[in-house]
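Paired with chain B in one complex and with chain C in the other, chain A is shared by the two complexes that follow.
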Partner chain A sequence: MRKYWELMKSQIKLDSAYTIWYWSGTASTILRVFVIYAFWSAVYDNRVEITGIPLSTMLTYVVLATLLSNYSAGVGYELANRVRNGEVAIELMRPYDLMHKLVALDLGTKITSSVRNTLPIIILSFIFIGINLPHTWFAGPLSILSAIIGVFIGAQLDMIIGILAFWVFYIWGLRILRNAILLFFSGALLPISLFPDWLQTVSTFLPFQSIVYVPVAIYTGQITGSDIYFSILMQLVWLVVIFGIIRLLWSFALRRVTIFGG
Partner chain B sequence: MVRYARLYWEFFKMHIKVMMEYRIDFLIGILSVFLIQGTSIFFVAIVFDHIEALHGWTFYQILFIYGIAQTGRALEFIFFDNLWVLGQNYIRPGQFDRILIRPVNPLFHVLADRVQADGVGQVLMGLIVLITAMVNLPIEWGISELLLLVLMIVSSGAIFMAVNLFFASLSFWIVDSIPIMGAVFTLSDFTRYPMSIYNRSVKFVLTWLIPYGFTAFYPATLFIENSEYTMIGLLSPVVAIISVTIAYQVWKKGLKAFSSTGS
Partner chain C sequence: MVNYYPENREYFEMGCSMIEVRGLTKEYTIVKKSPGLRGAVKGLFVRDYTVKRAVDNINFSINQGELVGYIGANGAGKSTTIKMLSGILTPSSGEVKVNGIIPYQERKKNAQTIGAVFGQRTQLFWDIAVRESYHLLKHIYQIPDKQHKETLEMFIEVLNLGPLLATPVRQLSLGQKMRCELAAAFLHNPSIVYLDEPTIGLDVAVKTRIRAFIREMNKLHNTTVLLTTHDMQDIEEICNRIIIIDEGKVLYDGSLASIKERFGQKRVIHFELDLEGEFTLPAALEGKANVIPGEEEGKISLSFSSKEMNAADVISAVLGEYRARDLTIADPKIETIVHEIYERGV
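So, the complex of A and B:
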């Protein structure tokens, strides 16, 4: 555990060193929040609610979902690059589990950006857009818990891209494909409860809504009461299932490394 | 000019050969770009399931704006995408020195080094969106309207290119400007929707400072009746020429200021 902790800290230091990346990243997030604000305000003009959701709740949802969706990807692309340029062979010889190492680095990046980027923007959104507080006092901590599980699910799912790199050459295309699926089915663009019914049903059977929709909907009160516990339980089930699948795929992939001699 | 055209063709043939070598990857690229563009359309469609108009603009009018932006951006994406990695792939690793000693215009060389075939997916999606909108809007489409539309789309692509060239050129001073380019590019999100939903300062920035407004919204209003922006839409090609000129001047200034990283 200790070595992964150190790896995570080194990543935090690395990320803090690039100020121009930091400011540009923050600027683009603020701009995106601004577009969202203008768009949804226009959608609501002359209208009090859409499917029972008032403007302030909708803004709270879309702003938080946009911020949270920054965390939905992981280090699949990193892994894929390492597979492509052959570094993976050396990584595998080192005294740590590569998957755990990558997760630790990813956590480092996410911790840095949540403190330096997301938190200030949430505070700005409270002041300037007037987003709501959590639906109930209890929904606050539960949504944070749910968000953390969601981040882990996203990070694990992303590993699939890295593992696919053992078979597919063009990882950039895979990354865009992953972005498209996540953007849509995670609920990053709008609450899944606005989807047409058939699509909502499809979405319940997919792990993606656990990444953004579930935590944010708990916060805004689209998911309430005992449904909250059920949703979090489902998230945990997904996390375990995906973790299992990834490990299985990884062992297949590793066999491939040995076949080709690294 | 002829020499450059012939040179570009030679580069182009090489890119096609590479693509044919990795056919599956080529298809993944096109499919994924197609899908990611589709998500935005689907998003707008779902929103319009619940409302009739956005600030007085109908679904098909918004599709039309979007279609122009997508097709224009796709043209830029296919032919000028290499500007994004000017810092990362050329200046930082010292590769730019290699280009400087060759007997061609360095900008031409950087651009010719890559053709983004994935852009085909974006062109397809752009055209589907555009044609769906064109069929459903009450506009008479004659030859002159179509030619005007093509001119507008080309101007849109040129403006996307000019903005990227301007900010990519900053790499000559700060080694890698890709994060700045990314942040500026986020601004183009604004142009997917009618600009009347934004306040005056945003409109000013997107019209006169970073002219993304001319990549979609203003040209689209030319074809939509009773909109208050018609005259400004006609300026798009002029804005495109001015932007490209300014960006190229900055590029040339950058070239003069450039000193190798030495790595």
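So, the complex of A and C:
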């Protein structure tokens, strides 16, 4: 366990060193938040609410969703690169589990960006955009818990794409497809409760809404009461299922490396 | 295969050697792709395979503390063997045992006891400073604090790493990087270290330092070393045994001393000639001397056996047909011996 902890720490140190990346990341997120704010203010114009959602709730949703969707990528890219340049083989000579190592590195990156990027922007959003506090006092911690699970689900889905690099050499096509699906079905653009009924139904059977919609909707109160616990349970189920899929794919991939030589 | 190492056999049977390899074979299947769209579509239904046997029924066993040079021409199967020994590749058939472990089955356990340098690839952490890399390795290999500190201090001294510690690996020169890699490979005091071309592209000073370091580690910890290289000086200075392979098969396995003794009557004369056109062997030397082309225009070396000819005859035969600017008679070098073995077999 200690080794993964140290790997995570080293990643945090590394990320903290790249100040230019940090600032450009922060700047682009602030810009996106601002555009969203302007867009939704214009859409609401003189109306008080749209399909039962008041402007302040909508702004709260879209701002938090934008921030959270920053986390939906993971280390799949890193893994795919290592597959392509053959470094995966070298990693197999180390006394650690590559999947665990990648997760540790990913956590490191995400912790850094939470502290340096997300948190300040949330505070700015409270002050300047006037986003709401959590719907109820216990929706706060539950939405954080749900967000953490969601971040893991996003990272694991990304890992699946990374592992596919063992079979599909150029995976940018897959990645673009994934981004499009995520943007729509994760609820990063719009609350899924605004989707037509049939699309909402489809969405409940997919893992993507667990990444953004569920945690943010718990926060804003679109998911309430016992639905909250049910949603979090579903997230956990997805996490376990996807983890299982990864382990299975990884064992196939490993066989491939060790038999074909990468 | 000729085995000049009778005592090996016993270790083999007793099973207390460090590395044991029996009937080891690795075949790569390579999918043949036809060009173009039609080929791609066709590839979905029928697949043409070619099978490349990179390692072919190899046997050897290496005892603790041996310094073994594993040599062979490009594509002979050296790296493939090392990959199987380190658990990265699964053999197609045959047995491997390293330290009592089957590497490809217990990859992590094996990883804990081996160290490796692959000359063409870095194993350090690309973006972070060298010192940080070593700190991470300490935790990855779970090296006790005290041992880590002492080992590192010694490595810094011997490999002169002091000025490099604060630099990220990606900013190091090749030679600087290689010194750091080597330290990383030995840091957790592995019982076996695989070095795949550790001196590739390095200047003489760095090579010397690295060779001294490897010998030193062997002396201190009785570390077993398996080394591949194309630089015969590495072999002469580090190894006490060599295994020569060609096209995946073992050609020679024995001590460095015995190969020198066996081929010791080999002599080499280096000529610097004023050549007009190609060099052709004078008729008098036909079948008796071997031409080893030199790197520069006009530089030619001839190897021959001192039993069959004496040096004076060779020189006069060459001078009868060419004008020589310079010539030197060299000691038999392992390099020429190996060249000979590649060409003609043992």
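Assume the second predicted complex is superposed on the first by the 261 of 262 C-alpha atoms of A that agree within 3 Å, B and C clash if a C-alpha of one lies under 4 Å from a C-alpha of the other, contacts with A are read in each partner's own complex, and residues count from 1 in each chain.
Note that in this section a contact is a pair of C-beta atoms (placed from the backbone, for glycine too) under 8 Å apart; a residue touches a chain by one contact, two chains touch by 3 or more.
As the structure is a prediction and not an experimental result, all values here were calculated from the model.
In the superposed model on chain A, is it clash or fit for chain B and chain C?
Aligned through their shared chain, the two binders fit side by side on chain A.
Is A:P196 contacted by the first partner chain B, the second partner chain C, both or neither?
Once the two structures are laid over each other on A, A:P196 reaches chain B alone.
Is A:V237 touching anything from chain B or chain C once the two structures are fitted on A? First, second, both or neither.
After superposition on chain A, A:V237 lies in contact with neither partner.
According to the stated criteria, A:S24 is in contact with first (chain B), second (chain C), both, or neither; which is it?
In the superposition, A:S24 contacts chain B only.
Between chain B and chain C, whom does A:P95 touch in the aligned arrangement: first, second, both, or neither?
Once the two structures are laid over each other on A, A:P95 reaches chain C alone.
On chain A, which partner touches more residues: chain B or chain C?
After superposing on chain A, more of chain A is contacted by B.
Quick check on the superposed pair: does A:L133 touch chain B, chain C, both, or neither? Answer first, second, both or neither.
neither
For A:I123 in the superposed arrangement: first (chain B), second (chain C), both or neither?
Touch status of A:I123: no partner.
Between chain B and chain C, what is the tightest CA to CA spacing in Å in the combined model?
Between chain B and chain C, the minimum C-alpha distance equals 6 Å.
Jot down the residues of chain A that show up as touching in both complexes, chain B in one and chain C in the other.
No residue of chain A touches both chain B and chain C.
Contact residues on chain A for chain C in the complex?
Within the complex, chain A contacts chain C at residues 2-3, 5-7, 10, 13-14, 86-87, 89-90, 92-97, 255, 257-261.
Any idea which chain A residues touch chain B in the complex?
20-21, 23-25, 27-28, 31-32, 34-35, 38-39, 41-43, 45, 47, 50-51, 168-170, 172-174, 176-177, 179-181, 183-184, 189-190, 194-196
Touching chain A in the complex: which residues of chain C?
28-29, 80, 83, 86-90, 104, 107-109, 111-112, 114, 116, 118, 121, 123, 125, 127-128, 132, 135-136, 139-142
Within the complex, which stretch of chain B touches chain A?
22, 24-26, 28-29, 31-33, 35-36, 38-39, 42-43, 46-47, 49-51, 54-55, 118, 174, 179-180, 182-183, 186-187, 189-190, 193-194, 197-199, 202
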